[in-house]
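What follows is a short report on a single structure.
Labels for the chains are A, B, C and D, by order of writing; each one numbers its residues from 1.
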Amino acid sequence: MNVRLLYFARLREAFGIQAEEVALPEEIRDVGALSRWLQGRGGAWRAELAPGRAYRVAVDQEMAGASTRLHEGAEVAVFPPVTGG
Amino acid sequence: MNVRLLYFARLREAFGIQAEEVALPEEIRDVGALSRWLQGRGGAWRAELAPGRAYRVAVDQEMAGASTRLHEGAEVAVFPPVTGG
Amino acid sequence: MSVRVQGEDFDAGAEIARLRRGNAKIGAIAAFVGVVRDVNDGDPVAGMTLEHYPGMTERAIEAIVAQARLRWRILDALVIHRVGKLAPADQIVLVVVAATHRGEAFAACEFLMDYLKTRAPFWKKERTPGGSRWVDARASDDEAAARWEPVGR
Amino acid sequence: MSVRVQGEDFDAGAEIARLRRGNAKIGAIAAFVGVVRDVNDGDPVAGMTLEHYPGMTERAIEAIVAQARLRWRILDALVIHRVGKLAPADQIVLVVVAATHRGEAFAACEFLMDYLKTRAPFWKKERTPGGSRWVDARASDDEAAARWEPVGR
């Protein structure tokens, strides 16, 4: 499954990347699995997305939870808790 | 005791008077007694100031209760509940 | 802190800008504008006249602002209340509160409005097709003001 | 109802005036202006940069406004949120809510601000003498937003 990943703010800087297109292994079907897959990259990925770290995921621009399903062509954004206003 | 009485809004119109200087009998020493004394004038005075009617009294521009004492030269205002804003 | 009772209209944006200037601690400004509606209690309203008690009005509003300052850490506040003849869509009242944080700005602004409605000596007389009538005090306004008592949050 | 995300400053007074025009049912306007402070968490702040998630930002704010409309009878609402580089005393955000009665205008305006703070994808990076730093989310903002849940008043 191909998805587009976006990173914002502190996570964008920590990962050194703003956006990427990735082909996910077949078993990665929801946000929780995607997060563990990204942690597998090690380094900043493991540190920033480890259990207990505060980050948020949106799928197709809607806030998502660990069980939110992914789909072909999804836009998945990973970012810190928001601090606007 | 000489006091200056002011009336506002609906009460000003009902009494047909905006302000008056009165020399109170010696026994009229607080707001409650003043109100009963004014009711004694009859007509609109009795009707508007009767027990159960909603009106407010300020002494020297501070909201007052029935037991608020009067004094020589006091400015006493009688008016309906306020409706500003 | 500033209180004005006036016949003239006001410019809410200019007042907010003036309040903001020169205090870099301000992080939050809550403002309220009250406007004359064209309908009240189901009747069309052609306009209204606001009567007040000169002298006591300013004192009462200043006392309300002083209470707000005791309750919340506010940096500045402005109350402008108009009197005299007003037409539908005319502005009646402006309350602006500046604070470091928004929660205090909102709370103090709403408190000032609720207390203005129930503690400041203004009276509205509406012009309707059936003639002029004094507006009755609303129980809902007394209830709104009562929310803030007793002191303590 | 109108949502704008923009780099340019805004004129709160002009926006309030625009919202008021042409709706004679409006009796109450509550407005909030957020301003960049020169100090945060005890450190002097020389300025900040607001990053956002284009596309999702507008959707998220529109969803928040739609929620406010379900909860309160509001006649109109406006949200303007700036992005990019800002200096102390610059305006960040404007929320204006028009309603028939003030209680609903105040509640919806504060709700919109609380939800903007916790639901809309904006991130602040402050410039301080010690370097730039991303602002951490505040527990107090989560608590402020949580006040509005569950639905029902």
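One rule holds in what follows: a contact is a pair of C-beta atoms (placed from the backbone, for glycine too) under 8 Å apart; a residue touches a chain by one contact, two chains touch by 3 or more.
Please read these numbers as outputs of a predicted model, since none were measured by experiment.
Asker: If you walk touching chains, what's the least steps from chain B to chain D?
Answerer: 2
Asker: Where the CA atoms of chain C average out and where those of chain D average out, how many Å apart are those spots?
Answerer: 23
Asker: Taking each chain's centre as its mean C-alpha position, how far apart are chain B and chain C in Å?
Answerer: Taking the average C-alpha coordinate of chain B and of chain C, the gap between them is 26 Å.
Asker: Between chain A and chain C, tell me the centre distance in angstrom, where each centre is the average of that chain's C-alpha atoms.
Answerer: Chain centroid spacing, chain A to chain C, equals 48 Å.
Asker: Which residues belonging to chain A are in contact with no fewer than two other chains?
Answerer: Counting only residues that touch two or more other chains, chain A contributes 85.
Asker: Find every residue in chain C that makes contact with two or more other chains and list them.
Answerer: 34, 102, 113
Asker: Touching pairs of chains, which are they?
Answerer: Taking the chains two at a time, the touching pairs are A-D, B-C, C-D.
Asker: Within their complex, state which residues of chain D touch chain A.
Answerer: 34, 50-53, 55-56, 59-60, 81, 92-93, 113, 116-125, 134-138, 141
Asker: Spell out the part of chain D that touches chain C in their complex, as residue ranges.
Answerer: Residues 11-14, 16-17, 20, 24-39, 88-89, 100, 102-103, 105-106, 109-110, 113, 140, 144.
Asker: Mind pulling up the chain A residues that touch chain D in the complex?
Answerer: Its residues touching chain D are 6, 8-10, 54, 58, 61-63, 77, 79-85.
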